[in-house]
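Below are two complexes that have chain A in common, paired first with chain B and then with chain C.
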Partner chain A sequence: MTFYFGDILPYLPVMLEALWVSIYVTLGSFFLGSVLGVFVYLGRDSSAKPLRVLAGGFIEVFRNTPLLVQLYLIYFGLPEIGINLNPLWSALLGMTLNNAAYTAEIFRAGIQSVPDGLREAASALGMRFSQTFRYIVLKPAVRNVLPSLTNQFIVLFLFSSVGSVISLNELTATLQDLNQQTLRTLEVFTFGAGLYYLTSAAIAWSSRLAERTLFRW
Partner chain B sequence: MFDFGQFMPPLIRGALLTIFLCVVSGALGTLIGLIFGIARSAPLAVVRWLAAIYTNFIRGIPILIILLFMYFALPLMFPAATFDRGVTAIVGLSVYSGAYMAEIFRGSIEAIPRGQLEAAEALGMHYLLKMRYVVMPQALKIAVPPAIGFLIALVKASSLVSVIGFTDLTRAGRIITSQNHLPLVTFVIVAALYFIISYPISLFGRWYERRLA
Partner chain C sequence: MIRMPRRSTKLFAIAALALAMLLAGCTSSGSDSGGGGTSVADSQLNKVVKAKKIRVAVLPDFPPWSVQKANGEFEGYEVDIAKELADALGVELELVSTDGDSRLPLLKSDRVDVNISAWTATNERAETAGFTIPYDAHGAGVLYRKEDPVESYADLAGKTVSVARGSTNDTIMTNDFPKTEVTRFESIADAIAALKAGKVDACVESAVTVRTEAAKDSSLAAVDAEPLEPSLVSMGVLPGDQVWINYLNNFIRNLVASGEDQKLHQKWLHTDLADIVGISGQPSNS
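The block that comes next holds the complex of A and B.
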């Protein structure tokens, strides 16, 4: 057993480019999914029962089925009813919906973590609902959801590797190509694992830094 | 039309294999997690570091990479480690769950108030006695809800063993679509079967948490 990275080093730019694909698919679907997640959360907590049932069903379905099957449904299943999406859009759509279900629950937990007493005090002071939300609830809620959101972002980044199965050319797919091209199996997968680890560690680290500096309220 | 008579039996078989895979690797992962989770508070610093490296590294890479590594690279490192797909899947998923379970156990061990540990020390208990009679009985109870949460994640992550050619529920669905060319309805059924496996676990977790509160 010997490690020889000489053969795969020329492919470093290819791997970094593929890593960038993984990152921007994650960024895109995390952003879109979090916006959608706010609406799913609002539906989940709304006073209209049909909305509650719909949002609750969406959350349970997406949280209790694998992302891989969701991507298969979008990539292989939707063309059956005339919707053809390429691997990139399929992955974006699937990861966005998946992420929305998780962030909706994170937002709900974040809002619930703000003590009822604060809200009651605000309404006793004559604040309207929107004022209460803006000035009382929002800040502690954001602070409370930050660690869970970071965690969800890292999980989403790691599961972007599933995109390789529907032939999205992100890092994992590229590693498998390089494995076949160079036959440096050990080195390719070790190096790839290292890239994934460093990226997720960097995300975790910068989020902790942001919590300590930007969100010190 | 989806031929239920022809295609349901292989899907059910796949679902049972998925359940089997999750039960075995979940149990092995819990065992690994228990060892490494306790090691995170070991008196010896080297032990703590090694456990921290394992938990943090594995949690920083995708399960798909772990499985591909086990399947393609491990046999090259150790020719003796040439397993069939089922064993590779179980080993990969166990290594994966071990890291997450270790983190869960570490968290619940650290949730035990320091005062109790000091009290145990004052009573002259050494490390093992302290863990056995003071820390673990309480920590294990705290660990149940997050462990159930991880079990659900494991059921879903197990779908990736289909990529290394193990015929679990997901791969059974893939094979069937190549025969009936009805991916939409086939994968809806596959998703429904995953839901049937996973949702009761979610409900149990919620019930347990309510009972605990």
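The block that comes next holds the complex of A and C.
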């Protein structure tokens, strides 16, 4: 077995450009999805039953179906009811909703891990619920689940490869195109795996850095 | 930070060592497959006869050439050719599903013996794969929505077009239609679904597929013109295995000369075999 990377090196700029697409789709959907996830959690834990049912149903639907199928339905299915999104917006929408369902559950674990004493102290000081949640509960909760969130971030980044089925030109789609052009299957995908690995490793490293700096007390 | 206790470090080292040995074992046993020697003993022909089984790569989504039915079985023109080949060799037939991108990797990783997967033998591909003489010829057609018509091939300039990734149609559009935006999908079904959902202006697929789809769905129509870039379809094997290529060439010559190829072509595609594939006799009807 021989490895020859000479054929694929000229395509490095194309691969890096595609990697950037993967990264910004992931960044966008992770942050939008995480913010949405906080609200989904609040809905699920709320005292109003309709909200609880709605948020619970949302989580169950998006956690119990594959992202691939969700993307198919958003990209090929929504046009039937007049919503025609391009591949980028379809992927962003699908990954955001998917991520919201997962992070809502992660936040639930984090918020439940915050001692009741903190909440009681806050209300004794006369803070309203929204103030307590924002200034007292959220930060230690996020800190407690930061490793889980990092994990979810990396999983979402690797999941972005599924975007290739709805013709989003992210890294995996580009690797498949290069494979077809050069027929250097092993080299193309080894190189691509390296790019995915380095990016994921950078995400994990940034998370550890954030743990040491942003969430210190 | 949690310090790892000594014992778990040791356990980890043992696991890593075991994994390394496993990987080394895999590569050394796999290294003799692939290259494709020229002697009779090394040939895939010999392996097929010895194993009493031929593994043929076919497309699961390319009716009427080859399609996988809901019950998992394959049927179509190329599937019938694969059956003829297995009969000729007197071996069992195993059909393996492939897509445009996986044809060569399946051969290299020794998962199939031959591709009968609507593989167009282009000069570029012939640098890395071994091709037989053609058993069929076909060209591309253009499918569009009636509400948004495409009048001619020249009309494709400035439009978006869906293709199956890695297909000849992908290459045709990329190379010869620089003003057309090409959108690539994993399968032919997805490329057509994208057209129906209004994601693209047209879909470029094999002329027969385009005709079949236009007949099936009244909202779609095909550009009325001669097929685009007619091309020769060959069986594909590992490069360098001349013994195996010789056998398959001979098989295809007999398939064409006996009229069997023409008969199957009529049965599935309802058209005559292209003249360029070869002069055929009358089918014996036996």
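Definition applied: the second predicted complex is superposed on the first by the 201 of 217 C-alpha atoms of A that agree within 3 Å, B and C clash if a C-alpha of one lies under 4 Å from a C-alpha of the other, contacts with A are read in each partner's own complex, and residues count from 1 in each chain.
Quick note on the criterion: a contact is a pair of C-beta atoms (placed from the backbone, for glycine too) under 8 Å apart; a residue touches a chain by one contact, two chains touch by 3 or more.
Please read these numbers as outputs of a predicted model, since none were measured by experiment.
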{"item": "Which of chain B and chain C A:R134 touches, first, second, both or neither", "value": "neither"}
{"item": "Which of chain B and chain C A:F76 touches, first, second, both or neither", "value": "both"}
{"item": "Touched partner set for A:V165, first chain B, second chain C, both or neither", "value": "both"}
{"item": "Partner chain(s) touched by A:N179 [first = chain B, second = chain C, both, neither]", "value": "both"}
{"item": "Most chain A residues touched (candidates chain B, chain C)", "value": "B"}
{"item": "Residues of chain A contacting chain B in one complex and chain C in the other", "value": "1, 76, 79-80, 164-165, 176, 179, 185"}
{"item": "List of chain A residues in touch with chain B within their complex", "value": "1, 60-61, 63-70, 72-73, 76-81, 154, 158-162, 164-165, 172, 175-176, 179, 185-186, 189-190, 192-193, 196-197, 200-201"}
{"item": "Chain A contact footprint on chain C (complex, rising order)", "value": "27, 30-31, 34, 100-101, 104-105, 108, 125, 128-129, 162, 165-166, 170, 183-186, 190, 193-194, 197-199"}
{"item": "Of all residues in chain A, those that touch chain C in their complex", "value": "1, 75-76, 79-80, 84, 86-87, 164-165, 167, 173, 176-177, 179-180, 183, 185"}
{"item": "Chain A-touching residues of chain B, taken from the complex the two chains share", "value": "56-57, 60-66, 68-69, 72-73, 76-78, 152, 155-160, 162-163, 170, 173-174, 177, 182-184, 187-188, 190-191, 194-195, 198-199, 202"}
